[in-house]
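Read through the structures below before going on.
After this come two complexes, each holding chain A, first together with chain B and then together with chain C.
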Partner chain A sequence: MRDRIRKLIAERKVVAVDVDTLSDTSDLYEAGLSSFASIQFMLALEDEFDIEFPERMLTRKTFASIEAIDRSIAELIGEQV
Partner chain B sequence: MAVPSPTIEILRPPAERMRSVAEIAARHSGDVDREGRFPQEAVDALKAERLMSVMVPKRFGGEGLSLLETAELCTILGQACGSTAMIYAMHQIKASSLVSHGGSSPWHAGFMRDLVDEQYLLASATTEGGIGGDLRNSICAVHVADGRFTLEKDATVISYGLYADAILVTCRRAPDAQSSDQSMVVVKRGDYTLDKTTGWDTLGMRGTCSEGFRLVSAGDAAQIFPQPFSEIAAQSMLSASHILWGAVWFGIAADAVARAQAYVRAAARKQPGSLPPGALRLAEVVAMLQDMKASVVAGVVRYEAAMNRPDALSSMGFAAEMNNLKITTSQRAAQIVTHAMLITGLSGYKNDTPFSVGRHLRDVTSAAIMISNDRILSNTSNLLLVSRFDTSLVN
Partner chain C sequence: MDALSQTAPAPGQGGAKEFLDQLFSAGVLTETGVDGLYGRSGDFEEVIERFETLVTRYAGADKAERIHFPPGMPRPMLEKSGYLKSFPQLAGCVHSFMGGEADHARLLQMLANGEDWTDLQQATDVVLTPAACYPLYPTVAKRGPMPDGGVLFDLKSYCFRHEPSQDPARMQLFRMREYVRIGSPEEVRAFRESWLERGPELIRSLGLPCEIDLANDPFFGRAGKMLANNQRDQGLKFELLIPVANEKPTACLSFNYHQDHFGTLWGIQQADGTPAHSACVGFGLERVALALFRHHGMKVADWPQSVRAVLWG
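Right after this comes the complex of A and B.
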C-alpha cells in the first residue's frame, strides 16, 4: 500500500521534493505539502483506494506522513470488510 | 517604564475597566480618524487599566480571560473607536498564540510574565511583499547559528508597527525550508529596526497606522516558537482572528445601529402618535444586528467545543466554520452600517452630527479585504471538496 501512496505522491506532484528522498515517517508538510495540495491528494487517495475519509480523519495529522496515511487507509479498508 | 502592578484582586472587573477606556477612545475617535494617527491616549489607558494581559493565564500573572470575555472587551471598545478596537483585537490575537503555545517554552513563558508587568503592545508581521495575505507561505527565512537568530522581512503591513513593544513575525523555518514550512518569532523592541516602505492613508481604520516596513532583527534563538507556525495558525490564530475581528466589527455595527435608533426616537418624540419613517428599517437592521451577534457567539461556542483538543482545532470542518464566520461577519457589518445610514439620512452622512455613521461605514469596509474574502472563500471551497458541514445544532 505504501508503494501505491508513494506512486500517487510522485504522479500528482504533491510535495516539492523527490518522493524517493522521503522516508515513511518524513513530515510531508515540511516537504512542501500545502493545504491546497493536501486536499487534491486526499481526493486522489479516495479515488485510488475507493474509500471516503470521514470528518474525524480530516486533520493535518492524518496526512502528515506516508506511514500516517497508510494507517488511516488501512483502518478504513478494515472497516469496509 | 513598568506600569505599577496592583494585584488582580483589587482590579475592577475587565468590562468595567474597558468602559472607562472606551470613554477616552470615543473622545479621540474623530481626531484619530481625521488625522490618521495612532490612538495614543486610548492605548495608554488600556495599559493603565492593565487590559493588555487579560488573556494571560493566572499562573503567569494574568487574568486568564476566555476568548468570549475578551471578545466582549473588543465589542465594548468597537462601539467607541473602530481603529482602537482593531488594535486591541490584533494585540489579543498575538497574545492568544502565546497563551496557547508559549506556556511550555521557558522563553515564551517569561515573555508572558513581562507582558503582564510591562503591559506590552504586540504587533503582527505576517503579510509579506510577493506573498500578500497568504498567511501560510513565507519568502523570508530565519537563520539560526550559535544560539542566535537573524531575520529580515519585507513586511508590507504591520499595524501600529512603530508603536509596538514586540512583533510576532512569520518566516520560513530555515533558509532551505519550503515556503509553507514556517516558524513564528517574537522580536522585542531593541531586537529590530523598522525602515518604513509604505504609508497608511486609507479609507477607514485610519488609526491602525498599518504601514509597511523593512524589518531587520536578531536575538536569542529561544524566541522562535518551538511549534511549527502551521499549528499556531490552525489552533489559535485562525479562531482568535475571526472571532475577535468579528467582535470589533459587531461593536462598530452596534454603535451605528444605536445612532440610527437615537435618530428614530428623536423623530418619534417630535411627532407623538405616529411611527416615524425609518422605524421599520430600524426593526429590520436590529434583526440583522442580532443575526450578526448570533454568528459571533456561535463561533465562540464552536471554538470552546474544540478548545484544548489540537485535533479538533486542526480539523477541516473547524477551519471551514471559522472561515465562514469571517465572511459572514464582514459582510453583515457593512450591510448593517449602510442600513443605519439609510435610516439617519443626511444626518448620518454628515461627519459632524450626533448621528454620523461615516466613520463606521469607512471602518467596516476594511473587513472584506482584511485577508480578502475571495481568498478565504477559495480556501473554504477547497476544504469543502472533502469536508462536510456539521448539520447538528449542538456540536
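Right after this comes the complex of A and C.
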C-alpha cells in the first residue's frame, strides 16, 4: 500500500521534492505539502483506495507522513498491509 | 472592570432577532426588506467613525500606507485568489443586462408578468469584495520585490458575504477595517502578536468584555473541514469575541497569519527573493458598533462617561 501512496505522491506532484528522498516517516508538510494540495491529495487517495475519510480523520495529522496515511487507510479498509 | 452596564441586556438573552428589532425600533438600523442589508443611523455611523479614529491612534506609530479599494474587485482576481475553492457559498458576482432592444422588451415583459427576469443578466467583470485585503496582494506583487523590513497597509472596504441572517451581527454588506503586514515570517508574526495584545486592550477601554480564542474560517464542504482543521492545528487564526446578541459571543476582530499563501499565489517577494509571508488584523466595524449599542444602550448620549471619553475625548 505504501508503494501506491508513493506513486500517487509522485504522479500528483504532492510535494516539492522527489518522493524517493522521503522516508515513510518524513513530514510531508516539511517536504512542501500545502493546505490546498493536501485536499487534492486526500481526494486522490479516496479515489485510489475507494474509501471516504470520515470527518475525524480530516486533519493535518492524518496526512503528515506516508506511514500515517497508510495507517489511516488500513483502518478504513480494515486490513493491515 | 465588569463592562456590562446597567442598560445592557445580558448577553445571550433575548436572542439575535429581538436585538435586531430593538435596533429597528430605536432607529439605529433601518429595515430594507432583505436580511443583512440595513440602513445605518447618524449615531451608528458616528460611533464607527470614532472607533476608527481610536484604531488609528493605537496603530499610529506603525506608519501604515493607507489604500482603499472600492467594494467591487476584478472577477479574474477573485478567481485566482482561491476564494471560490474555500467559500463558494459566500461569493457575490455582479450581473448586468447586456442585451439589445428586443431583449429589453422581453425583460420588461418578464418584469410585468412577475417572471424571473434575471435570466437576461450576464456576469460582469466585477465581483463584490469579500474581504478588504483581497485586492491588495496583486497590487503589492506588481510593485516588485519588497523593501527590507516589509510593508504595512491600512485598508477599509465594504465587503459582501452571501449569508442572509436575522442576526444583526451577520450582515451581507458590512465594513471591514484591516491592517495587513507583508514581510518575513518573523516580521508578520510579531505584527500579529502586537495586535493580539492591543486588540483586547482597545476593546476593554470601551467598556466591553472580550476574550481571544483560536478560530477557523467557514470553509465549504468536506475539503473545508480539512482546511479548518489545518488552520486550527497551526494556530493561524484567532478571534476577539464579544457577547453581542447570541449565546455564542461574536467575532469582532480577527488576527490571521496566512503564512506564504498569498505571497506564493501572487508572487510577492521579500527583498531576498523568497515568497513573502503575510498577516492581517481585521476589525468588523458594524460588529464593534453593535457590541457598543448592545452593552451601553440605544442612546449614545446615555453611554457611560468613561466610554464616551474614550470615543469622543
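The rule is simple: the second predicted complex is superposed on the first by the 78 of 81 C-alpha atoms of A that agree within 3 Å, B and C clash if a C-alpha of one lies under 4 Å from a C-alpha of the other, contacts with A are read in each partner's own complex, and residues count from 1 in each chain.
Everything below uses one rule, namely that contacts are C-beta pairs under 8 Å (C-beta built on N, C-alpha and C of every residue); 3 or more make two chains touch, one makes a residue touch a chain.
All of these numbers come straight from a predicted model, not from anything done at the bench.
Visitor: Are chain B and chain C a fit on chain A, or do they clash, once the structures share the same frame?
Guide: Superposition result for chain B and chain C: clash.
Visitor: Between chain B (first) and chain C (second), which, if any, makes contact with A:Leu58: first, second, both or neither?
Guide: After superposition on chain A, A:Leu58 lies in contact with both partners, chain B and chain C.
Visitor: Once the shared chain is lined up, is A:Thr21 touching chain B (first), chain C (second), both, or neither of them?
Guide: neither
Visitor: With the two structures laid over each other on chain A, which partner does A:Met42 touch: chain B (first), chain C (second), both, or neither?
Guide: A:Met42 sits against chain B and chain C alike.
Visitor: When the two structures are overlaid on chain A, which partner does A:Glu30 contact: first (chain B), second (chain C), both, or neither?
Guide: After superposition on chain A, A:Glu30 lies in contact with chain B alone.
Visitor: Which partner, once the models are overlaid, touches more of chain A's residues, chain C or chain B?
Guide: B
Visitor: Among the options 1-9, 127-135 or 217-225, identify the stretch of chain B whose C-alpha atoms clash with chain C after superposing on A.
Guide: Clashing stretch of chain B against chain C: 127-135.
Visitor: Common interface residues of chain A with chain B and chain C?
Guide: 34-36, 39, 42-43, 55, 58-61
Visitor: Within the complex, which stretch of chain A touches chain B?
Guide: 16, 29-36, 39, 42-43, 46, 53, 55-56, 58-61
Visitor: State the interface residues of chain B toward chain A in the complex, per the touch definition above.
Guide: Interface residues on the chain B side: 136-137, 173, 177-181, 228, 230-231, 234, 311, 314-317, 379, 382-383, 385-388, 390.
Visitor: In the complex of these two chains, what residues of chain C are touching chain A?
Guide: Those in contact with chain A are residues 82, 85, 222-223, 225-227, 229-231, 233-234, 261.
Visitor: Mind pulling up the chain A residues that touch chain C in the complex?
Guide: Interface residues on the chain A side: 34-36, 38-39, 42-43, 55, 58-61.
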